[in-house]
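In what follows, subunit A forms one complex with subunit B and a second complex with subunit C.
Now for the complex of A and B:
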């Protein structure tokens, strides 16, 4: 596993703490365009993802990339996460990964 | 205060006088061991009238008097209710109710053991130089008689509304007692006593009485249950009785006796019941405060008392506040009352024996500031459950619910579940309910109560599962106690034993269930079942699968029978039996087995140590196989992490 450039698990609220850094998040796709996707974070905030999305998207999408503002990510890796994904669990994971035990994650 | 003991009281009691209400001194208190292990403690007193001393058992409900120190050695007590019966040529006094008159006093007189008593006859019991014998001739103590009707029932009596104000909740005795003329004793021909048996309080029943009758109200009646055991098929039903003294007892009927009495007995009515045998109560099913239970026989009589006067309460409750339930032991049967704050829908549940039943969960809170989850099972879901749902969910009205005989469960905090003899009363008409209602309506509704039941385990299947790792099974010595342990492990199948994986089973039906016992082949197409003692032309193939399972902590062997075996193998036993033994397609067989390895499951296990000859072996059986549901498993793990770090 490549640990040289770790990506932080974030939800919509945590994204703003990592502007300029590498993050990963899962969004529920609301709409997509050539070169961008609009989605809802697991804590119900809007996130814009730029880059080149795969041609077909499932309901849930994981993106890894650099946070370039408090609500947008420039994605390098796009992964379809299927249509049934538990957003609440993921949201809890993000909170854990940035809480008391964040040294275990980054 | 100088006090005189009732002279010659012991002699009078032994002769059958039960109305004397004598003053006696307690010379000794002895705890008689737990009767047949599961029985209750009994105390035996040595009581003296100043001249004679005699042993007396005290009824179980008086045990507290001894434990709390109200009755100690030296106490002077007044016997209020008592009987004297003959057991194996020995007189035995049983005290049903008594009052402490003087908490402690020096030994009065110079009492000797009564000749009626067994052992230790004629041993002087008082220390030399103690108090001189009192003047017995002038005994008269009218002031003491006042407490006769003060009986000790704990809890509340729910009276007939008609006379609830007038009648005291309790009466000491129903009919004058039968006193045998002294001349009958010890000589003369034995004659059958044709007179009707006298009515005695339920609390006085014991297995050593020949003839008895009780007059009591039916407070609960169970459904007929059918069973099948080594002795064959049968049916059984039971009902609970309460008498005017607050004594309760369960009556059980089997088979033909069921037919005779099941339709006769109605809840709420009063009956005269006579003849039947007393057996130790089955404490795991029977929560009543009585160490005996009556088994009715063909000669027993159950007669309706149409002219009953309401002296017997409808129901006897001893309500416990919800805060008390928190510290109650698992499986305790108790009564409680609270306001229903939420009702969940009824859901179907598969029981361990494969039958389907229903479950409905509701929440109850009371003035103790606590709330508890109540689980209704079976019929309760539709009957009272639906009624409650309509009130709470549809009309947003929060009714008071009284639960008679609910069972405490300690899975996930403490909760209460219904059992067959549980009774539910919605908005009952008694003072506790009115008090709760007014508390709830005047602010109680908005007080946040902390629940003594842990919130629903998010996901993870059944909420009352106990999760363990594989290595914990050995480390914690699971299965070594009397009862099997039921736990859930998340584990991966790492090996399946294939030389023998199924057995030939009897396909015949016993009642509505297949026999499934092992059959032996007796001819080309004939199979013999020892249990059914019949041959059949076909046999069933059922899994008996030895599987190795593994998690991060270790590995262990488990046994999976039919349903769980099929879940693990992914196809019926017969199919792979045919493949392996008839088609002898070893390659495909091996492929199927290989494909079933390394799947992860939530396995519900039953763990029990069994002896095989001299050897003790812990046997682990797979009861249920579930594929891991990642969503609920994640929820479970998150919850675990949260609890660890908080």
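Now for the complex of A and C:
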């Protein structure tokens, strides 16, 4: 049991609250090269993700890592979330997980 | 609902094959599930909730989360530190973003082995297990690990955790009915609160459809009908009056009334629009 380093659910707007901390988010991939991925957050903001992405990416990508700045993440864990992920639902979850029900998460 | 449809709690866990092959576990499991059988099946939780949970009694007692004694829980997260060095068990940690918890899966049948083979470090899984304290540490004895194929299940799981929490915490109850009217006052209080207000509404309104909000309306109608003034009226209370008194649209009331009637909690009197509550 260890809850010392949770990764907070964030969307684009919430990311800036957690600079320097561990976060998780889902982006819609816009473009990628060897060391980075550019994507659109679930609330339509641009997010830059650094690190080493997997060779093939689906439309939606979850990244877990440290928030570098208010619009970039240094990712440690990359998970393809497929092509039919509901971004709106995820966006609402991010808000709930940082709002009224924060204590269930962090 | 993924977990509800796939795991009918009582039938799925009341006597699985894995229990009979481990006598010591089987004894504890059956004694504690027997107590809670009517009560809760498989409960969606986050690791953080488990960490903060309390033990209701000694080591063999259930673990209490949010006032509810739990035995079987459902989690979603990433598998890490998978350890297959032992023949009869697979150990791993599950990281759900709120924390990590130690998990153990007994490998008795070839089915167990096959299921665990498809699970590697970094795999997102839906996991169902028995929550247990062993040597002062909480751990999960896992009886189902399934890689997640549709990642909407991840979102769904956390929403379900919130839903279960809301359903079982009294302080939340009053908030949900008056939610729509409250949001205006809340949103005028500043930026951080605006976020909360806007997030609340879509989820709450969806809950109204699947039972939670309606439960409150159930109670409101019942409470209203139980008032001495209403109970005294021989012909009961007209649907329109109930709607007017509770300030809820008539069409909304109608559905709830029908379900209350079907449940035998209220009955229609002189015609199908007048109702009284059933006195017990």
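Rule of thumb we're sticking to: the second predicted complex is superposed on the first by the 104 of 106 C-alpha atoms of A that agree within 3 Å, B and C clash if a C-alpha of one lies under 4 Å from a C-alpha of the other, contacts with A are read in each partner's own complex, and residues count from 1 in each chain.
The definition used in the following text is that a contact is a pair of C-beta atoms (placed from the backbone, for glycine too) under 8 Å apart; a residue touches a chain by one contact, two chains touch by 3 or more.
What you see is a predicted model, and the numbers here were worked out from it, not measured in a lab.
After overlaying the two complexes on the shared chain, residue contacts for A:100 are found with subunit B and with subunit C alike. In the superposed pair of complexes, A:64 makes contact with subunit C only, with no contact to subunit B. Look at A:89: by the touch rule set out above, it reaches both subunit B and subunit C.
Contacts of A:43 after superposition on the shared chain: neither subunit B nor subunit C is touched. Among subunit B and subunit C, the chain that touches a larger number of residues in subunit A is C.
Touch criterion met: A:7 reaches subunit C, while subunit B stays clear of it. Residues 84, 86, 89, 92-93, 96, 100-101 of subunit A lie in contact with subunit B in one complex and with subunit C in the other. Those residues of subunit A that touch subunit C in the shared complex are 1-4, 6-9, 24, 60, 62, 64, 77, 79, 81-82, 84-86, 89-90, 92-93, 95-101, 103-106. By the touch rule above, subunit A contacts subunit B in their complex via residues 84, 86, 88-89, 92-93, 96, 100-101.
By the touch criterion stated above, subunit B contacts subunit A in their complex at residues 630-631, 634-635, 638, 641, 645.
Note for the complex: subunit C touches subunit A at residues 46-51, 78, 97-102, 122, 124, 137-138, 150-152, 154-156, 158-159, 161-162, 165, 195-196, 198-200, 202-203.
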